[in-house]
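For reference, the structures are reproduced in the following blocks.
Both complexes below contain chain A, partnered by chain B and then by chain C.
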Partner chain A sequence: MEQKRKSNLQTLKKRKTMWAYIFLAPQIIVFFIFSAYPIVMSYVYSFYEWTGIGPLSNFVGLDNYYQLLTSDRFWNSAVVSIYYIIGTTILGVGGALVLAIILNDQKLQGKGFYRAIYFLPVVTTTAIVGIIMGNIFGINGFANQLLLNVNIIDKPIPWLTDPVLAVIVLIVIGSWKGLGINMVYWLAGLQSIPNELYESAQLDGAGFWSTLRHITLPLLKPIAAVIILLSLVSGINAFDLVKTLTDGGPNFATETMDLFIYNFAFSSQLGGGQVRMGYASAAGVLLGMFTFVISMVFGAASFGKQITKFRMNKKKKGGVSA
Partner chain B sequence: MIATKSARMIIHVLLLLFGIVWIYPFVWMVFSSFKTNQEFLTSGTTLIPEQWHWENYSDAWITANFSGYFINTVIFTVATVVIVIVLSSLTGYALGRIDFPGKKVIMVCVVAIMFIPKGYTIIPLFKLVSAMGLDNSLLGIIVAESSGAHVLFILMFASFFANLPKSVEEAAEIDGAGFLTVFTKVMLPLSMPIVATTAIMQFIWTWSSFLVPLVLTISKPELRTLAVGMQNFVQTYAVDFSGMAAGATISLLPVMIIFIIMQRYFIEGVAGAVKS
Partner chain C sequence: MKRRSFYAIGVLAVAVMLVLSACSGEENDDAANEDEDVVTLSFWNRYPELRGGLEQLIAGFEAEHPHIKIDKQETPEPETQLRTALSEGNVPDLWTNIVDLSELVEVDAVKNLDEIFTDEVKAQFQDGTWYENGTTSDGSVYGFPLASPRSKAMIMYYNKDVFDMLGLTEADIPATWEEFKTIGQRILDESGGAIYPIVWNNPGWANEQLVSMMGTAITPEVPWQENYREGEPQLLTDGKIESATFIKELLDEGIMAPQSVEVGLGEAEALFAVGQSAFLWSGDWVGRQLYGENEFENWGVAPLPTKDGQPYYYHAGSEATSIRVSNETEHWEEVRTFLEYALDHLYETVYVNTGAGLPAKADVGGDPPFEQYHDILELENELAIPVPKPAELNPDIIEFNRAYRNKLEVGGIGDAVVGYITGNIDDLEAEIGKLDQDMKDAFFETLEEFPEVSQEDYIYPNWQPFEPYTVDKYDELK
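Entry: the complex of A and B
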């Protein structure tokens, strides 16, 4: 009897295992074809000089990498990307924290309304936003006309045609676009702080600033690591905005790394320059490594915690079923 | 935290003023779309058009083919959302509810995938989709957009299913329900909040997707989505400003409306993402 029940359980478990694999199969299959294979091939391509047409025949070893690392245009794009990543993280994550602290006030009316307004740019199509902003910050655009009207300036500011200003405008718009999502992240962090802590701080006579410094900010530290990491990683992919707002101009001043890759891989098909898929792939591999290093440095702390949490959860569950 | 009434009043004024500036680009876009090109250039900072030129919309919709872009975008988005929900709910269920050999390895892989940037896989993906002959229809961009591992959704489904009590499926199993029946009749309906969150988030992402449709429709103008069509419109008709504004409004309004209606799901989904 006991034996039979055990073997029944055994077959049930085997059947469940089989179903688990069946459920996983579609995701795993499409993942291997459309994600894993392209990743592997992007490494393979990077060792070839290839126009994208015809067979991969011209093996050049590490030459593409050598050319990239000695190319001023590549290093320029790396610097632009780093400016963009750091700029959007400081403005977007910092600004979002201020806004979240204000909106977390229990007694503030209309929180949902404000939250929706400040979140709105997040849901809009970045490529479209780039086009609209390109108009607003054009030489005869709305921004200049407004500033001229109120006599702050007496001649139009070349927002997008001055190399330094263009980078700044790009960073400000990128931060504006992403701030809402960081605000929601911060609000989630703020809401996980127990109210009793604030109440007892109030009883102890702590004011707004000392509560902020000694309770709120220290308790936000773990989530801060995650938010900063997410912002850094999303800053690496600035393509949609850069492509539509400045297209890398003036004279490559705003060409980020992912736009650099795109330009060598695809834009030449629309005229000018030559297609260098291998070269672009090598730049992609370097960008991937760059992302990986950033993720490792900033993610190490928060992920270490998450994995231990996951293990603990698993143990708890194991205990219940035993 | 902020005690006095007057302080709160000042905060309201600041939040409102700043909020107007915050969404002004969209307000400007909508009002500009009703002006003539002449008025667009000469009206300066005046927001309200002298006359409401609705024909800008019919021009954009018919002449500039935004109707085609719109339909492409709807098909592309809906198909991607459905595929992503199916893939992530199945994967999440297996990972969250069943103990099987190899689970740990898959779990680690799922998390590791999160940090692989898509930027450079687009070249092989472009070649692959052409080689498979999928670049002649919307299927190419649908497959490319929906096939990645959607880690966030997988984890959301996995943790939801993991936290359901054992008794849920035991009751159904005693009634003789098989594995599939338990999943489709019991588990999936229970997970509706996760399905809704996944749907709305993926909808907004896919609607806004740019690089994949841009690259994969490079030689196929009839397959362009709104974002790609818009970019092409601006390159072709650089001086049709009110047409640009009308096209942009057509492209952005649907997501904005859906966000406003469904914002609870979306914001909770985003907040849940960082918590987990």
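Entry: the complex of A and C
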């Protein structure tokens, strides 16, 4: 009887497992075809001199990596990417927090409207944003016309052709574009803080700044780590904005790593160069590693303590039960 | 009772659905049969100036051949699109040239067109139309030639409305840089700064072309990126540096419209057409753009100004503007019908009648839409001069060129010139010198890997700058 019950239980478990695999199968297949396979193949391509068509015949070993790591243009693109990532994270995440705190105020009228307005850039196509901003920040664009008309400047500012200004413009626009989504994350975090805490603080005579310092910010720490990590990772994908706004110019001064990869993978012939898929793949591998390192370092810095605490608790519990 | 009526309604509904679906099926079948009779060829075009002309050509062809339809699409990112199609095995039946021909032949992606281009047909084309890795590979034709090899040299367009308004005449058209600056200052003064003397554009390739062409008036032995006397690549020349310096001076002195460093060709043409600038530097195809896209007719053409008014030139056959056919096409018969029709009608319809440029075929009739077309033709014949093409004597050079250029970070000097003009590079000579050295290093390093190619293959002792390098000159060296 006992054995029969056990065998029924096992059959039930097997069935459950089988169904779990059946339901997982489509996702696993899609993952292998569209994620795992391209990733593995980009590693393979990176060891070849290859134009993207025809057989892989010219094995060059680590030559592509060597050439990349000794290339000024590659390092310049890495530096531009780092500036962009850090800039958009500081401006985008910081600005979104300020906005979220303002829009979380119970007394504020028309919150829904303001939230929609700030969220609008998130759902706007980045390429279109790039083109429109190109007109706004052009030599004869709206920004210069405005500054000239109010006599702040006496000649147009080369927003998009000065390398420093162009990177700043990219950062500002990139931050503005991501402001809405970060604001939503912050709002979710703010709304998870119990109101009782604020009420008690008010009874104790705490003002806005002390409430912010001693209640809001400390309780937002866990979500802050997630928002910053997401912002850092999304900052690595600046391709569409950079391509449409500056196209990496002047003289590659605003070329980010993803645009660098694109330029070598596809669009070189018209620019007088050669298409080098193997070289671009090697750059892609390095970009992947760069993303991984950023995520790991930041993850360790943000969640390290929590993970250690969790492990210690688990160990303690394990000790009690033993 | 209720149950019976429920079943009756159900049966009726099913019957109605069956009848309706049968009817629609018949209609669909008819449509499908009609569709089966029509073969659709896909055609990707990357040349904006050919759009209108190709549409007219296709309309004429479809009227004459109702069973063949051409589905033409414009490709804004042609290289990306074609490479993606190649890797997916989804190449259009026809496309305008993109991706190195040798690469396409290597993977068997492009169709041999020898059966259309017999020797008799080939003889109908301009000299210099047929060359290795352009329209031919190993002597066989793989590209249906479109534009004349003696085209694409940059010229100067001048706005006659602006000239009339400021009291300028054709005698004021500048031939030297000094004259250009003088007339530029006069235009600024007389228009009160409302009209810029020149509007230019920012793509790196256009800047490289401009300084290279202007530069040949100073350093004629380097028409593009090779020195055929020394037999080595050469990016750094006095001509290019001085030309870039001249362009920067125009910008700094306010003679060139400041937006020149931000805008593309199309915007520059539009600014010129609305009278915001007196001059525009561009290629032969711009006549059609001014006339067709900007509806502006009152302009003239002249050679670019050079340092001392000396002549300049551009290497003919710089680009094999042509149609290529997929080797995987399932409709070769229909493609051939289209190409044969194109052979008779394309040059007149697409080039001459629209003014989109100069056709590859010689002695083409037609009626240019603007009178300046013949002036452009004359200028291009004078300025686009055939220079040696080393691959004509040694086909291994095609593979060699690809290999040595693969070692380069940057394919040319265009971006450096843009960087210099916008003030981001102070020492252009040092910057181009570095690119020049990189190119030479890659060249000589690759020579050691290719025993079948030598530096001698790049030396042409019987070549004189400004003298067309014709077939008989190659024969002299064989």
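In the analysis below, the second predicted complex is superposed on the first by the 283 of 322 C-alpha atoms of A that agree within 3 Å, B and C clash if a C-alpha of one lies under 4 Å from a C-alpha of the other, contacts with A are read in each partner's own complex, and residues count from 1 in each chain.
Rule of thumb we're sticking to: a contact is a pair of C-beta atoms (placed from the backbone, for glycine too) under 8 Å apart; a residue touches a chain by one contact, two chains touch by 3 or more.
All values reported here derive from a predicted model rather than from experimental measurement.
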| item | value |
| --- | --- |
| Which of chain B and chain C A:Leu187 touches, first, second, both or neither | first |
| First (chain B), second (chain C), both or neither touched by A:Phe266 | both |
| Partner chain in contact with A:Ala116 - chain B first, chain C second, else both or neither | first |
| Contacts of A:Asn140 with chain B and chain C, given as first, second, both or neither | both |
| Which partner, chain B or chain C, touches more chain A residues | B |
| First (chain B), second (chain C), both or neither touched by A:Ile223 | first |
| Chain B versus chain C as contact partner of A:Pro163, first or second or both or neither | second |
| Residues of chain A that lie at the interface with chain B and also at the interface with chain C | 52, 140, 266, 269-270 |
| Chain C-touching residues of chain A, taken from the complex the two chains share | 49, 51-54, 67, 71-73, 134, 138-140, 156, 158, 160-163, 249-253, 266-276, 279 |
| Parts of chain A lying in touch with chain B, wherever the complex brings them together | 15-17, 19-21, 23-24, 26-27, 30-31, 33-35, 37-39, 41-42, 45, 52, 101-102, 104-110, 114-121, 123-129, 131-133, 135-136, 140, 142, 145-146, 149, 176, 181, 184-185, 187-189, 192, 198, 208, 211, 223, 226-227, 230, 233, 236-237, 239-240, 243-244, 257-258, 261-262, 265-266, 269-270, 277, 280-281, 283-285, 287-288, 291-292, 295, 299, 303, 310, 313, 317, 320-321 |
| Touching residues on chain B, where the partner in the complex is chain A | 1-3, 8, 11-12, 15, 19, 22-23, 25-26, 28-29, 41, 44-45, 86-88, 90-91, 93-95, 98, 100-101, 103, 106-107, 111, 113, 115-128, 143-144, 146-149, 154, 162, 166, 179-180, 204, 207-208, 210-211, 215, 218-219, 226-228, 230-231, 234, 241, 244-245, 248, 251-252, 255-256, 259-260, 263, 266-267, 270-272, 274-275 |
| Chain A-touching residues of chain C, taken from the complex the two chains share | 77-80, 83, 86-87, 98-100, 103-104, 106-107, 109, 202, 204-205, 208, 258-259, 261-262, 402, 405-412, 414-416, 418-419, 422-425 |
